[in-house]
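Mind looking over this structure? Questions follow.
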Amino acid sequence: MATVPLIEEETASAEVRAVFDDIRRVRNTDWINNFWRALANHPPTLRRIWQGLKEVMAPGALDPLTKEMMYLAVSISNGCQYCTASHGAAAKRLGMTPEMLGELIAVVGMANQTNRLADGYRVAVDERFENLF
Amino acid sequence: MATVPLIEEETASAEVRAVFDDIRRVRNTDWINNFWRALANHPPTLRRIWQGLKEVMAPGALDPLTKEMMYLAVSISNGCQYCTASHGAAAKRLGMTPEMLGELIAVVGMANQTNRLADGYRVAVDERFENLF
Amino acid sequence: MATVPLIEEETASAEVRAVFDDIRRVRNTDWINNFWRALANHPPTLRRIWQGLKEVMAPGALDPLTKEMMYLAVSISNGCQYCTASHGAAAKRLGMTPEMLGELIAVVGMANQTNRLADGYRVAVDERFENLF
Amino acid sequence: MATVPLIEEETASAEVRAVFDDIRRVRNTDWINNFWRALANHPPTLRRIWQGLKEVMAPGALDPLTKEMMYLAVSISNGCQYCTASHGAAAKRLGMTPEMLGELIAVVGMANQTNRLADGYRVAVDERFENLF
Amino acid sequence: MATVPLIEEETASAEVRAVFDDIRRVRNTDWINNFWRALANHPPTLRRIWQGLKEVMAPGALDPLTKEMMYLAVSISNGCQYCTASHGAAAKRLGMTPEMLGELIAVVGMANQTNRLADGYRVAVDERFENLF
Amino acid sequence: MATVPLIEEETASAEVRAVFDDIRRVRNTDWINNFWRALANHPPTLRRIWQGLKEVMAPGALDPLTKEMMYLAVSISNGCQYCTASHGAAAKRLGMTPEMLGELIAVVGMANQTNRLADGYRVAVDERFENLF
């Protein structure tokens, strides 16, 4: 299964190799997973996505594990197999336990259920919920 | 906008009122929002969803704020307006700041972006990502 | 809220009026709802969709009410407000009671919940479920 | 493909085995499919989902085959492979014929098509479709 | 992986063979891909979808390559593997280069990202964007 | 309807005003639409999204109108009202006619229909469609 070849280090352009190097450096690993090697078929996308991801997932008001688990929750909800597998692994690396995964999946399931109940009954937003901040 | 009437306390059955009472007790509020008053049109659903939600959102391996923010992240990703508004308010009550909301929305957006990149290139799951636990 | 004007009978082309006439005849009504008047901005789409819908929703191995409720279930699941409202009305016309709607929405919610549980755990399809027919 | 191990009867806790027993009893089968064996990694989810599913899918204002076909329709629409396979098998067991499946899939396709036409033209809900019940 | 058998030319009904012949004629090929052979299990769907697709994808105000790339963009966004593969091949046949695919996937990813940002912040539609035509 | 206030020029930080200025310059307009004014509540997101959008939507192997129509197609398919309205307006500014919009919406509808047919029948990807490039 593949639309494009996975770009190997040896045949990569200097631009692609620079991004691969940065991924390894930031993640403290010697390994590049398939996602980045697929994106390397379109170097501007590879560079832009990696820069954006680094920025969005950096520690901030939310810690990296919380962000990674949110990312996983959204990926599961969207039915994206690759991202469910890769961000599941990333969250585990950051400390997600099987019990935390179990609760995360339960929340994703429950949210998907009540989202459709609200849409099915076409429930109007309560005045109190407007203008949150 | 509405498919069904919002059930008022006064005209509710004893079964419905019992659930409303429990919602007020658990949430320490005197107010029932539209979602529950719409669900009250089908009492078995009202009861089942409230019981399930109480169980799923209780403190566990994940704390209530983290769960509420995940719920919000999924609801945004699904484009559910009502749940985005109501779970936004719930997360705020539990301590979510504007900065945390900003980062949460950024993660949701990024996950939706890379989910489609992975699907667009039909990237195969790396062997290392299998059998997480 | 609108992207295009809603086409009025008086200003419609002969092609559009012929479809409107057929809708009124088949549905035994004197009224054309907004969906068709929006589609009338692109007459080939109006004609094609009406012909297709007539064919798909006709009595067959499934009766019209069952089909209409399935249509409604899918529309709710997709978060399409217009279709939730219009196919809700159509199902009611064919005999859907408030109790049936309550059960329908409960099924839609449950399916959305377990769909994500299956995707979250990346459950492999059991051999017994292959080659259904 | 898997995120978690599929729990075997022999190594399951008493809590998990009790749910497995109930599934076999209610479904009159000696077999537990992968979905439940994956959920057994998080026993509270296993128990809650099974209880909820039993309640939602029981005969009521809608018969079990109609409910099962709705479940299948939603699962197809969501692109959930596992649920499409498992609920397809369940609907077949309850009497769904190939002709009924053909019509069901046609309805799901048509609903997905018109959902996007309505959203694309941003069609406003007709006054007559409000306040269904 | 399959719900239904793929219908072979030899065992197909005259009705199915007529559609297969038309597909080969219009596409100038001697080959029928799996999608049509699966749809052939329900001949009215096979005929209706093929007629609709022929009409929608014909040259018009938009050229066939633009239409095919839009079809691919939507299929990627929906996470439909089969359609991503088949419409990717169709777009390539019509002239889509790797560079064009790279830009297409980047647009799909970006749109999915900003769709959720707009939904997350619940941004109201600007007055200037109403009544487009 | 709103989760956050729309940031006004006068009260914006220098960082936000710099992005607003760049938007006006690139788009040759004196107007900032609600999307950017909502994003301005989280300046790093405002900056990152605007930079990314500028890059992705610039002329390349695909021309700006084709990209804008793809963006619109995906936004419609996702049911994002705001993006359907705003990218509809953007595509019109670049030359999209009512006829082109009609064909675009027809393609989006058809793709959503056949995506679910392929998923409903669980059609396996043809060998010929693998390894596109």
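As written, the chain order gives the labels A, B, C, D, E and F, with residue 1 at the start of each chain.
Basically, a contact is a pair of C-beta atoms (placed from the backbone, for glycine too) under 8 Å apart; a residue touches a chain by one contact, two chains touch by 3 or more.
What you see is a predicted model, and the numbers here were worked out from it, not measured in a lab.
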item	value
Intersection of contact partners for chain A and chain F	B, C, D, E
Partner chains that chain A and chain D have in common	B, C, E, F
Relative to chain C, chain with the most remote C-alpha centre	A
Same or different residue numbers at the chain B/chain C copy interface, by half rule	different
Farthest chain (mean CA position) relative to chain D	F
Separation of chain B from chain E, taking each centre as the mean of its C-alpha atoms, in whole Å	34
Centroid distance [mean C-alpha coordinates] between chain D and chain C, Å	20
Intercentroid distance (Cα basis), chain F paired with chain B, Å	27
Where chain A touches two or more other chains, by residue	1-4, 41, 44-45, 48-49, 52, 56, 77-81, 84-85, 88, 98-99, 101-106, 108-110, 112-115, 117, 119-122, 125, 130, 132-133
Graph class of chain-chain contacts, one of line, ring, star, complete, other	complete
Residues on chain A engaged by chain F in the complex (per definition of touch)	1-5, 41, 44, 48, 52, 55-56, 125, 130-133
Residues on chain C engaged by chain F in the complex (per definition of touch)	1, 3-4, 41-42, 44-45, 48-49, 78-80
Residues on chain E engaged by chain F in the complex (per definition of touch)	1-4, 31, 33-35, 38-39, 41, 45, 49, 52-53, 56-57, 60-62, 66-67, 69-71, 73-75, 77-78, 80-83, 85-89, 92, 97-104, 106-108, 110-115, 117-126, 128-130, 132-133
Chain D-touching residues of chain F, taken from the complex the two chains share	76-77, 79, 81, 84-85, 104-105, 108-110, 112-117, 119-122
Contacting residues of chain B [partner chain F, same complex]	79, 81, 84-85, 88, 98-99, 101-103, 105-106, 109
